[in-house]
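Here's the structure, in C-alpha cells; my notes come after.
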Amino acid sequence: MEQPLYLIPLFPLIGFLLNGLLLGRLGKKTISFIACTSVGLSFLFGLKFFFDLLSLPDTARIIENVFFTWIPAGQFHVNVAFLLDPLSAVMVLVVSGVSFIIHIYSIGYMHDDAGYGRYFTYLNLFVFSMLMLVLADNYLLMFVGWEGVGLCSYLLIGFWFEKKSASDAGKKAFIVNRIGDFGFLLGMFIIFWQTGSLDFKTALDPAVAHSVFAVGGGMITAATLLMFLGATGKSAQIPLYVWLPDAMEGPTPVSALIHAATMVTAGVYMIARSNVLYMMAPATMAVVAIVGVATAIFAGSIALAQNDIKRVLAYSTVSQLGYMFTACGVAAFSAGIFHLMTHAFFKALLFLGSGSVIHAMAGQQDMRYMGGLKKRMPITFWTFLIATLAITGIPGLSGFFSKDEILWKSFSSDYGSIWIWLIGLITAGMTAFYMFRLVFLTFYGEERMDSHTREHLHESPKVMTVPLSILAVLSVIGGYVGIPHILGGDNRFEKFLEPVMKGVHHSVEGEHALASAAHNGSTELILMVGSVVLVAVFIYLAYHFYIKNIAAAGKLRQRFSGLHKIIYGKYFVDELYNAVIVQPLVVGSKFLWKIFDVLIIDGFINGMAVIIGDMSTGLRPAQSGILRTYTTIFLVGVIVILGIVLIFG
Amino acid sequence: MENQILTLVTFFPLMGIILLLFVPKTRHDTIKAVSFIVAFINLLWSIWMYAMFDPVASGMQFEVNIPWVSGFGIHYHLGIDGISLLLIMLTTILSTIVMISSWNAIKTGVKGYFISMLLLETGMIGVFVSLDLFLFYVFWEAMLIPMYFIIGVWGGPRKIYAAIKFVLFTMFGSLLMLVALLYLFFMYHGYTGEYTFDMLKMYEMPIPLGAQTYIFLAFALAFAIKVPIWPFHTWLPDAHVEAPTAGSVILAGVLLKMGTYGFIRICLPMFPEATLQFVPLISILAIIGIIYGALVAMVQRDVKSLVAFSSVSHLGFVMLGMFALNLQGMEGSVIQMINHGISTGALFLIVGMIYERRHTRMIADFGGLSKSMPVFSTFFMIVTLSSIGLPFTNGFVGEFLILLGTFASNKVYAVLGATGVILAACYMLWMLQRVIFGKITKPENENLKDLDGREKLVLIPLVILIFWIGIYPKPFLRRMEPAVNDILSRVEQAKVKLAEMENKTDPVVYEDDRQLGTVEIEGE
Amino acid sequence: MLDLIIFYFAAVIAVGAAVMMIMQRNPVASVLYLVVSLVAQAILYVQLNALFVGALLIIIYTGAILVLFLFVIMLLNLRGEHFGGKQSRMGRASKIAITVILFAEMVAIFKQVAIPERIGTQAAAVAEDFGSVEMVASHLFKEYLYPFELTSILLLVAIVGAVVLAKRDKTEKMEDA
Amino acid sequence: MIPIGHFLILSAMLFAVGAAGVIISRNLLIMLMSIELMLNAANLAIIAFSRMNNIVDGHVFVFIVFAVAAAEAAVGLAIIIMIFRNRESINADNFSLLKR
C-alpha cells in the first residue's frame, strides 16, 4: 500500500527550517508554536497512518512511500523511501508522541534561556532525524537518521556551549557514536555485497538471507556483530556507554527525549528490525544477550552511589537499555520493543520530573542538597513516584509487564539461560534500590538546601506539570497493550509485531522457545512473584537506609569505602579509556607530526636543499659580477667548442 | 559554437587578462569587478556546457582536434567526459567564488594577483580538457607559474620557502612525467609509424608489461606528489599555511584534483596491467595517508594546517576508492574529489574570514566565537560536518561509495580506511570545540563583526552544493557513470589479459621489450 | 684587377678603422672610426652585388644608429673619470691572444666546412638585377612577410622599452608618496 | 674578380676585432659599438654567402639583422643612460653588484 508517509517527518523539517532560517527574528511564542505544532502534526499523521495500518489484514500490514532515488551507482541503488510496518508504527507513535509532550514541557523549562530559538530548532531537527531513522525502508536511510540524531544529540548536549564540560560531553558523544557508526557502516557493506541490496524488503527477506548466508556462518556473524557495535554506540552499551552519563550536561528535556526515550533506543530498534539476520547468527545473539545483561548490572551498580540526580537516571537508562538488549539477545525482540515503549514513558517522566525539581532548585542537581520536596511540589512528586514504581516493576504499572516479560524470556528462551535471568533479577533489585534512594533523598527527609533556594521553591508551571501528568498516565496504562498470557491477557503487542519478526518464526529454535513458554505457565508465575518480592525487599532496604536510619547508610559506606570509591568513580572506565586510547593517540600523533613529518620527511628534503646550497656557495666566487670577465669566459667557451668541432668534427 | 565550447571555457579567462591589461593598476575596484565578471561569465559558459552535455553517451564529447605542431604530431585535442565535466564545473565555481572572497583580502599588487588568478583558471581547466599528452603537460606546467606567484607574493611570512617547496616538489614529479611522455611518444611511433601525443590513441596501444611498470611509476610519482599521497605530502601544509586564502582554496579545491584526475585519465586506462599490479602499494599508501593525515591534523595548532592535513586524509579516501577498481569505488572517488573541493574550499574561506578579523589562525587564540559570531559559526559547523561526512551532506555520499567499493575489492583496506571516518570526527570536532565553543577567553573575540553580505554570498553557494550533492547526487553520478565504465572496462580487459599471461608460460612480454628497445633508438 | 685593389683598399680601411675604434678612450672618436669602418664595408657590399643593402648600411648605421650614439654621448656629457683607468698589460695581452685564436679558428672552420673550390674561386656570374631593390623587396614582402612584420613589432617593443628605461622614474616616486 | 674566401676571412677578422673590443674595453659605449661591429661582420659573411649561392635571401636576413641591431642599440643606449644616471659612471667594471 502506498501512502504519503513523508508527511510524518515533513513537518518537523519545516519547523526546523523555519526556526533555523529565521533564528533571532521570531518571538518566543511563534517559535514554540511552530515547533510544537509541527511535531504535533507529525504525531497526528502518525496516528492516521497507524490506523490505516490497522485496517489492513495482519499479514499485509505494510505501507510504503518511495520518494526519489538517492544514490545510484551501478548495481548499488538506494532510495529515499519510507516504510511503515507494525514495528516502525510503534516507534513513530512513541517518538512523535513523547516528543510532542516534551516540546510542550520545554516551553516552560527553557523559557528564560537565551538560546530559546536555537533550542527548538535543534529539537525539531532531532524529531525529523529520528522519524527518518524509524521510517527508513533501507539501512542507508536509516543510517542517515542514525547519524542525524547523533548530530542533534551533539548539538543539544553542547547546547550550553560556553561550559567546557558541556561541549566536551557533546564531542565525546559524537565521537563515541562514530566508533559505533564505523561498525554500522561495515555491517552494511557485508549485507550489501552479500544480499545485493540494502532495502529491508530484500535484505531482510528470510528467503534471500538464507540463500546467501549460512546459519551461524562467519559472514553473517561478522555482519551482525558489526551492526551490534553500532547499536552499542548509539544505545550506550558496554564498551561504548561512556558518553551517555556525560550527556546529562544538556538541558533536562533533551536528556528526557534523546537520552532516555528515543534516540538511545535506536540500537534496540535496529536489532529488532534486523531480527532475520540476528536469528541466523547464534553467536551474535549470545554476545548481544551477555553485553546487554552485563551493561544492565554494571550501570545499575554505578547508579547506586551517584549523588547527581540526573546521573542516577542516566545510569539507570543505560541499565534499562541493557535489559532491552538482553531481550533481543534471547530472541524476544518484541519484548525488547515493548520495554522500549514503556521505558520511553516512565523514563521520560522521570527525567522531566527531575527537570522540574532542578528548575525549582535553581539548577542544583546534587541530591545531597535536596530533600523534603514532597510537600512543596506535589504534582512533580506524585508523577515521579508513579514513574519510579513503574520502573521498579510494581505489578499493575507498565514497567512490570515489559520487564517481567524480558526476565521470563531470558529464563525460558532457548537463547537464554538461568544466569542471564539471575543477573537480570539482581539488576531489578538494584533498580528498585537506587530509584527509591533517589525518591527518598529528593522528596522526603529534611530540607537540606540553603535558605535562599528554599524561599524560591515552587511547583512548576502548568505547561510543565501537564506533560508530567500525561506521561504518568501513560506510564500506568502503557503496559496493558501487552498483558502476558499467564495473567489472562493475550499479549496483543507481541501479536501486532509478529509480521515483522520473521526471523523468529523462520527459525525452528524460535518456535520451540515459544512453545515452551506456553507450557511452563506455573514456572512463569513463580518467577514473577519472586521478582516482585525481591523488588519489595530492596525498596524496604532503601527505606531503611535513607528514611529510617540515615546513619546506617553512612556506616555502610565507610565499611566498604574501597568498593564505594570504585562505584562512585564509575569503575574509572573514563580514566582507563583516557589513559589507554586517548592519550596514546594524542602523543602518538604529536610524534608523527613533529618527528616523522617535520624531522624525517622535511628533514630529508630540506637536507638536500642545504647540500645543494652549500655546493652552490662553493661555486659562487666564479660569479664575479664583472661583465668583461663573463664575456671573456664566454669567448673562451666559444673557442673551446669551435676547437672541438675542428678537431673531432 | 557548440564545438568550440571547450576552447571558450578554457581560454575565456585569458581574455579577461587582456582586458585587465588596459585597466590602470591603481583602479582596484575596476580590476576586481572585471575579474569577477570574467570568472562569472566563464561559470555561465560552463553551466551551458553542463546543460548540453549528454549524460548517457560514453566517450568524449565536444571534441576538438586540430593539428598544432604537426611536425611532432602535437594536436590541439580537447574533449571531456563526465569526470572532467564535473571537475571543470568545480573549477569555474571555485574560481568565481574566490574572486569575491579576495575582494578585501588583497591590498597590494591587486592587478597582478587577479591576472594570476585568471591565468590559473585557464591552466586548471586546460588540464581537465586536454586529450593530448603534450597539451596536458603544457597546461600542467603553466598552472604552476601563477600559483607560484600567488603563494610567493601574496603569502604569509614564510611564503618564499613554501612557494619554492611547492614548485620544486611538483617540478620533480612532472619532469619524470615528461620523460615518460616522450617514451610513450616514441613507443607509439615504433608501433604504428605515426608520431602522436594523442591520449585516446595511446589508450589503444598495447604496452608490454615491463615498460608499463616504469611508465606507470613515472606518471604515478608526478600525480602522487600533486595529490598528495603519503609520504609526498609535506609541501601541502606549508603551501596552504603560507598561501593567501584564495590560493589555499584553489590549491585544495582544484590543484590537488589534478593529481587524482591524472591517475584516472592517464594511469588507469593507459597502463591497466601496471595499475593492477600497483593496487596494493597505492591502496596501502592511501590508507596510511588517511590515518596519518587525520592523526597529525588532530594535533595541529594552526587551523589552516589542520585543514591541510585533513586534505591529506580526504585525498587518501579518493585514492583508495579509485584503486578499488570497481564502479562504486571509482564513482565515490570522483564525487569525493568534488566534495573535497567544496568542503575544504569552504573551510579555507571560513578560516580566511576569521583571519581577516583577528590576523591569527592559531586555534588557541579563539574560543566562544559562537557567541559573538553566530552566523559564522553556523556556516563553520555545516562545512565541518560535511567534511566529517555526515549523511545528507556531500561528504557522506563520497566516503560511503568509496568504502563500499573498497570493501568489495579488499575488506582489510575498507576496515582500515573506515577508521578514518572516526578520526575525522575527532579532529574536526575538537577543532570546532576549541574555536567556536567554550567561553570567550580573549577580549579581542568579544566584539567581532559577524559575516557581512559579501561573505555570506561566498559561502551560500557552497553550502547549497554541500546539501545538493548530499541529498540528490544522482545528476552527478549519472554523468560520470559512462566515463567510469569506460575506464573500468579497460581494467577488466587487462585483468583477463594478465590471467591469460599467467596461464601461458612463454615470455611474450620480454620479446616485446627487446623490440621496444630498438624502436626507441630509431625514434631518436 | 681593379676589383682586387678596391677590395684590399676597403678591407684595410675597414679593419684598421675597427682596430682604431676599440683603442680609443674617447667614445666620440670611436664613433667616427666606426663610421669609417662601416663605409668601407659598404664598398665591399657593393662589390658583392648587394647594392641596396650596402646603401641601407650607410643610411641606417651612419644615418641613424651612430647618430643615436653621438646623441647619447653628448647627452651624458662624459668626462675622463667616467671611463675608468688603465688595465694591466697581461690582461690585455691575453685577451688579444684570445681574439687571435678565435680568428684563427674561424678561418679554419671556413676552410674545413665550406666547399673549398667554390670559396677559393670567384663566384659565378649572377643575374643583372641581383641585389637590386626590386628583387630584395619582392623576397621581403612575399616569402618573408611574417618575419618582416615581426621585425616591426620588435622595433616597436624596442622603442617602448627604450622610452620606459630612459625616462625618469616617476611611478616609483608616486608609489613612495 | 675576388674569391669569396677573401670576404669570409675579412668578416672573421672584423668579428675578432669586435670581440676584442667587447672584452678589452671597459667603456660601455665602446662595448656596444663593438657589438654592432660584430653584427656587421656577420652581415658581411651573409652577403658573401648569398653571392656565392646566388640566392638573394641573404640580403633579407641582413635587412632583419639591421632591424635587430637598431633595436639593440636603442635599448642598450637607454640602459646606459639609466645606469649613468644612477651610478655616474659608464665603466663596466663598476657594476658588479651580483658579487656582493
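When the chains are written out, they are named A, B, C and D in that same order, and each has its own residue count from 1.
The definition used in the following text is that contacts are C-beta pairs under 8 Å (C-beta built on N, C-alpha and C of every residue); 3 or more make two chains touch, one makes a residue touch a chain.
Keep in mind the model is a prediction, meaning the values are calculated, not measured.
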Chain whose Cα mean lies nearest the overall Cα mean: B
Approximate Å spacing (C-alpha centroids) for the pair chain A, chain B: 38
Approximate Å spacing (C-alpha centroids) for the pair chain B, chain D: 51
Cα-centroid distance, chain A relative to chain D, in whole angstrom: 87
Inter-chain centre distance, chain B versus chain C - centres from mean C-alpha coordinates, in Å: 55
Multi-partner residues of chain D (each touching 2 or more other chains): 19, 23-24, 26, 93
Junction residues of chain C, two or more chains touched: 95, 98-99, 102, 106
Listing of all chain pairs that touch each other, if any do: A-B, A-C, A-D, C-D
Contact set on chain B toward chain A in their complex: 165, 231, 234, 237, 292, 295-296, 298-300, 326-328, 331-332, 368, 370-371, 374, 385, 390-392, 396-397, 400-401, 403-404, 407-408, 414-415, 418-419, 421-422, 425-426, 429-430, 433, 436-439, 471-474, 477-478, 481
Contact footprint of chain C on chain A as seen in their complex: 632, 635-636, 638-639, 642-643, 645-646, 649
Partner chain B, residues of chain A touching it in the complex: 23-24, 68-76, 80, 140, 143-144, 146-148, 151, 154, 158, 161-162, 164, 167-168, 170-171, 174-175, 178-179, 181-182, 185-186, 189-190, 192-193, 585-586, 588-590, 592-593, 597, 601-602, 605
Parts of chain D lying in touch with chain A, wherever the complex brings them together: 19, 22-24, 26, 31, 92-93, 95-99
Partner chain D, residues of chain C touching it in the complex: 3-4, 7, 11, 14-15, 18-19, 21-22, 24-25, 27, 30-31, 34, 37-38, 41, 44-45, 47-50, 52-53, 56-57, 60-61, 64-65, 68-69, 72-73, 75-76, 78, 82-84, 87, 92, 95-96, 98-100, 102-103, 106-107, 110, 114, 118-124, 126-127, 130-131, 135-136, 139-140, 143-144, 147-148, 151, 154-155, 157-159, 161-163, 165-166, 168
